[in-house]
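Chain nomenclature is as follows: A, B, C, D, E and F, assigned in order of appearance, with residue numbering initiated at 1 for each chain independently.
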Amino acid sequence: MEAFLGHYNYWIVVALMMAGLCTVATSGNLVKKVIGLNLFQTSVFLFFISVGKMAGGTAPIVAEGWTRYSNPLPHVLILTAIVVGVATTALGLALIVRINRAYSTIEDEEIRRADLHRLP
Amino acid sequence: MEYLINTVLLALLAVTAGAIAYLRNLFAAVMLVGIYGLLTAAIFVILDAVDVAFTEAAVGAGISPILMLAALALTGREQTAPTSPSGAGIAIVLATGGALVWGTLDMPYFGDPLAPVHVHVAPRYLEGTLSEIGIPNAVTSVLASYRGYDTLGEVFVIFTAGIGAIVLLGNRRGD
Amino acid sequence: MITAHLPALQVVVPLVAAPVCVLLRRSRGAWMVAMAVSLFAVAGAWSLLAGVLSRGPTSYLLGSWAAPWGIEYRVDETNAWVILVVSVISAAALLFARRSVEREVETDRIHLFYTAWLLCLAGLLGMAVTADAFNVFVFLEISSLSSYVLVSLGARRQALAAAFRYLVLGTVGATFFLIGVGLLYQVTGTLNMADLAARLSELGPHRTVTTAFGFLAVGIAVKSAVYPLHTWLPNAYAFAPSAVSVFLAGTATKVSLYLLLRFLFTVFGLEFVAGGPVPLLLALTGIAGLVAASVAAVRQEDAKRLLGFSSVAQIGYLVLGVSLLTTAGVAAALIHLFNHALMKAALFVCLGAIAYRVGSVRIADLAGIGRRMPWTASALVVGGLSLIGVPLTAGFVGKWYLVAAALESGWWPAAAAMLLASLIAVAYVWKLVESAYFRAPSPAAASVREAPVSMVAAAWGLAGANLWFGIDASLPIDVANRAAAALLGG
Amino acid sequence: METPALIFCVALPLAGAALVVALGRWPNLREAASLGAAGWLFLEVLALLPAVEAGERPAAVLTAVIPEIPIAFEVEPLGMMFALVASFLWIVTTIYSIGYMRGHGESNQTRFYACFAIAIASAIGVAFAANLLTLFVFYEVLTLSTYPLVTHSGTDEARRAGRVYLGILLGTSIAFQLFAILWVWVLTGETGFRDGGILAGHAGPAATGALLLLFVFGIGKAAVMPFHRWLSAAMVAPTPVSALLHAVAVVKAGVFAVLKVVVYVFGPGHLATATGAGWLLAIAALTVIAGSLVAMRRDNLKARLAYSTVSQLSYIVMGALLASAWGIVGAGLHIVMHAFAKITLFFCAGAVLVAHHRTEVSELDGIGRAMPITMGAFLVASLSIVGLPLLGGMWSKWYLALGAIEAERYAVLAVLMLSSLLSVAYLLPIPVRAFAKRSPKAGSGVEEAPWPCVLAIVITAAGCLALFWYADRWLRLMEQLVRT
Amino acid sequence: MGVAGVGALAVLAAMCLAMFRALRGPTVYDRILAVNHFGTLTVLLIAAAGFLSGRPEFLDISLVYCLISFIGTVAVLKFFEYGDLGHAGRRDRPPAVRESGAP
Amino acid sequence: MRHHHVLHVVAKMTIPLILVFALYVQFHGDFGPGGGFQAGVIFAAGLILYGLVFGADRLRRAVPAGLAGTLAAAGVLLYAGVGVAGMLLGGAFLDYGVLLPDPMAGQHLGILLIEFGVGVTVAAVMVSLFYCFTA
């Protein structure tokens, strides 16, 4: 039981990651793939922040009357990772817009077919 | 109490994630991405990561969905082909998830004050933020000074994305 | 003073130069900045390598914060070597790039092209030089994002699809890497590689560590296109602008493989790695990649795609070398890493020059190039021979050591697979050579002239290096042996 | 004994090649350069002979690609002999080529002469190689430099032949020979050639047998079945190229390498312990017989000669595998004898082609009247191949037979006898037809090939005769190999 | 459990309801409203959580939420009105995307 | 959206407030949550709101695309410049302690400057992205 409570948080996070990964892996729509990547990454952020949490602690902004603070390092890492995530999303979406202009579709299958028909 | 809120929020997150994976309507998926961002940010607040919550709210619930909407506006489509769950893909995902769950079994418990992350490296940041840097927000001092180099990298990442978008789409009308 | 700051400058100079290129807004100026930076990087890398060889590894504390708290740069034989490879290839590719990019990229975007190039260079160098696990991720993303941009600039629309595919797989890989770093951080509380190694060795058997290893390995494997996670590579190389193919083929996967070495031997340590199924898995993926990708290469009709598959096969060699977990194997992998960068860059430069003149790199369209573009075609032959591993070319030396290392460890199947792949390499390289020399020119190729001087210079610079290091390989052999000994010994 | 002249010997033909390319626009100068380089090379090589005969081993180191294994040269008797043959025949072939290439109006002549010179340089490199790596390096260069010669005409057929040529030669060398070299290196820590071999004490019978297998098949140029296909495929090449392949450099480099590996890597003594050597011997014997039988059924003159080569090469392989002193001597001598005889035969075939445009044996009726010198030389060379006395070919067969007796392999003796009979059957009918039969469309009077061709034919045919009388010097040279 | 705790629980309950609406649709406006509602609830939850954890000074995060919520809604509405977020406002283009209802 | 008067008025009222709030987040990061990145995003959000309500073209007139690109480059250069300054003043790259005689004051100054650089770049890139996606 203790193990369950101690790990419950992580397990949900793992499930979220897999939902994201699953969306990436099985979706044929490019926007959906980007959304899936977003989910996947966000879930990883959750994992990091869970790692940094200390029971009974508070936010790592030093103040009177507090001695236990959660770990600021994962927060910093995730701040960076969030930025990386949004950068990836932006770039992915920009690519999708261009792909749509070139192929008039954003479905993986149709793109593949279009390239097959017109030999390189 | 915090844990209770946390648990409920996580459950809501799981529902949202499932719905995003399942929905074929891209617009609805984008809306749910916004909700997902908000929920995550709320959990971050509960988990004491206020700076991250701040950012996640702005990015996960703000910038990302707006960008996705904008992209949808330009591509103007909904998912036509149904999501085809390929056996191999799902197997890989399940294997990955299984590996991760297996890996959690030796983890320190959630919130354990004696976990390695709380006894190594981090204590210095919490002490040093006042004595070495002189500001109370340890996140800012780690971000800007102790690990300022990561943040430099981070700024370059966003810069790269900007350059990439400009290269791909051009940022002038009619380009 | 500069020498002391070299580890940081190596990365900071290209980083700073990138926004400068944006501000310049001139294509020629941006090229000159990029070239100057690459030359600086070559000089810096050389000086770092010389320093490491004579005085041992050096470390640089960014922000002057001591190691586990701040971010540390650490230069030893291995990464000094990788940095040198990356810088040299960047400089050579840029020499080629000027004319090629003018043709392939719209004029008002050329300065942004070089900005992305510099960011990619900085990212790769940063990944190589850092001793902090999370910092690796940051620079990995800088290089990845900029390479997605670079690939997407290819002239044909397939470039966009290829770049997107690369982006999705690359991001999944990078996120796997991030998960691995997170798990390691969770059980050790640190991100510094040396500190991680020390703390991991105290932990003993630990499921979380094993999982972390798995995620790191898969993440790196995606980035370094280890079979079967290579699916992004052939199209990305085939449809990227010629100059980008040169640059990425010579550098990107190499740096990722360096990371594999770094995590295998420095962070997790030989004991951890040798105990599990890791060597076997690595060897199997290596062999599978060697054979399957070589066979796939033979079936290609597009020369750049052919080389892309060949790259996947060559990565199989490197993985196989590493999987031996012996000094000889790792040293052989490091030698081949260098050689492969040289030969692939040379080949892609030649194809780029052909694309510049003929407008296509389909194998059928290479017909008769041998007579029309003698210098380019002869460099192509030299590169191809090196790829096969013919003696007196650099490729031979690497393969010699790889097969010898495999034999020494008694891995017969590995040695056999390497030789088999070399045989298949004969087949696919000869498709190119035969078309170039022993077929009547196609209408497209009948009227072309020799490529511009800068391209020929780049092609022969690299081809010459292939010959040079095939005749006197003492430098790579010496460095690789010392690097491997340092990696495995301590 | 450090002798920089060895490096010069390898560099000289390369310089010749460069000069040929530079002078490509002036055919006379180009061919003079080629001839000059050939003559000079022969003199250089000849100058080394006295020292080697005196038991010295001139050596030189070029560079060390791989530490511990330099690209290095050392002249021992076997290499001396091969270098002499190759450099002498280069002169003759150049003379012949001038006549043939002009007479036949071939294109790409500059490429031809340049590649030819590079091939000679690599043959010299193979001859002088001081270790397995050097041998391998020049072996591969030889393959690559002869590829453009094989595909010289550039037709689809030539390209296909080139693919077979390159595929088999590069393939076997990478898959088997390189593997074997690396294995030797891993086993013994060295790859140098040493009297008595280096494997003794390092490799058990099974490993030795496996290595032997790898070497014999890995040296694809020795054309032991089933890796002989390249030789017949390469028949599409112009005749001087065939001469180069069959007599001067390529196949000779193959059997030479086999012999050298057997003598200096395995060591005859150690070779006898190998498991499975008997099977290899049987394969070689089979190649001898099968090659002869196929040759008999070929109507195309060059194809018939090609299969004759396949058969004759395995004499040498057999001699090496006998692991007996006389066998090795015989094998060494056979390299020389066969070279002179076979080059004469090919020259004659080429001359017939140039002068009368005939390629099939059945077309040769009565040609002896038109080309008495050529067909006379053909007869001489055929008899030398058969091994009749008064011709050089007799000596090598003699010693091979002695070797078989010494090793108590009487089956080999029987194979030798049988194949001599077969060679009578496939070679002699040609001059007989040429002189005895009367062609329905025979022209009147003598019509020989251009004079350089005839000159070359006369020289080599005379060589076949001379080798019978002056064989003792070769013999003594070869005896050095087994004087341990 | 103080007032803040009760408040937090109430907010959570409301969130579940909003979530239901966001998933069900059935029209676009249901979803938009649900998301908007969700934003408001998050603001409230963070406020409550601030008091629960004893550090109410982080209330300014909820300001950002309000702001983002507002901009997001404007963006979504514009998306539906014009199908282009940069549009200057004249109705000269049909909407690019039509809601097709929940799957 | 010319005819949406309420929206126009509300936007006109809120946008300056948002920008001021962004500045607060920018400079309050030392003491509470916030910092350059968040400030940049909020600042950009304010501008994007303007673009949403009044059209991207009007925003382009206010903040030209070229200016956004230049500012993005300037921001990262400021950050890297602070690092190089540390190097020139005898410390390591990004060592703020050497910027001023008092290390603590140096840290303050350094953090202030780099956070500002981050804010400028992020805001500029976000606005650029908005331009890109509303072409």
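Basically, a residue touches a chain if its C-beta (ideal position, glycine included) is under 8 Å from a C-beta of that chain, and two chains touch if they have at least 3 such contacts.
In this text, all values refer to a predicted model and were calculated from it rather than measured experimentally.
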item	value
Required minimum of steps from chain D to chain F, each step between chains that touch	2
For chain A and chain E, chains touching each	B, F
Farthest chain (mean CA position) relative to chain D	E
Chain nearest the overall C-alpha centroid of the shown protein atoms	C
Pair sharing more residue contacts (C-beta pairs) when B-E is set against A-C	B-E
Chain centre separation in whole Å, for chain D relative to chain A (CA means)	68
Intercentroid distance (Cα basis), chain F paired with chain E, Å	25
Distance from the mean Cα position of chain C to that of chain B, given in whole angstrom	30
Centre-of-Cα separation between chain D and chain B, whole angstrom	72
Shared interface positions of chain A, touching two or more other chains	17, 21, 34, 51, 58-59, 61, 63, 73-74, 77, 79-80, 83-84, 87-88, 90-91, 93-98
Set of chain C residues in contact with two or more other chains	15, 18-19, 22, 62-63, 134, 138, 141, 145, 148-149, 152, 179, 185-186, 191
Each pair of chains that touches, named by its two labels	A-B, A-C, A-E, A-F, B-C, B-E, B-F, C-D, C-F, E-F
Contacting residues of chain B [partner chain C, same complex]	99-100, 102-108, 115-122, 124-125, 128, 145-150, 152-154, 156-157, 159-161, 163-164, 166-168
Touching residues on chain C, where the partner in the complex is chain B	15, 18-19, 22, 62-63, 65, 68-71, 109, 112-113, 115-116, 119, 122, 126, 134-135, 138-139, 141-142, 145-146, 148-149, 152-153, 179, 183, 185-191, 199, 206-212, 214-215
Touch list for chain F against partner chain A, complex	31-33, 37, 129, 132-133
For the chain E and chain B complex, residues of the former touching the latter	1, 5, 8-9, 12, 15-16, 19, 22-23, 25, 28, 31-32, 34-35, 38-39, 42, 45-46, 49-50, 52-53, 58, 61, 64-65, 68-69, 71-72, 75-76, 79, 83-85, 96-97, 99-103
For the chain E and chain F complex, residues of the former touching the latter	57-58, 60-61, 63-64, 67-68, 70-71, 74-75, 78, 81, 84-90
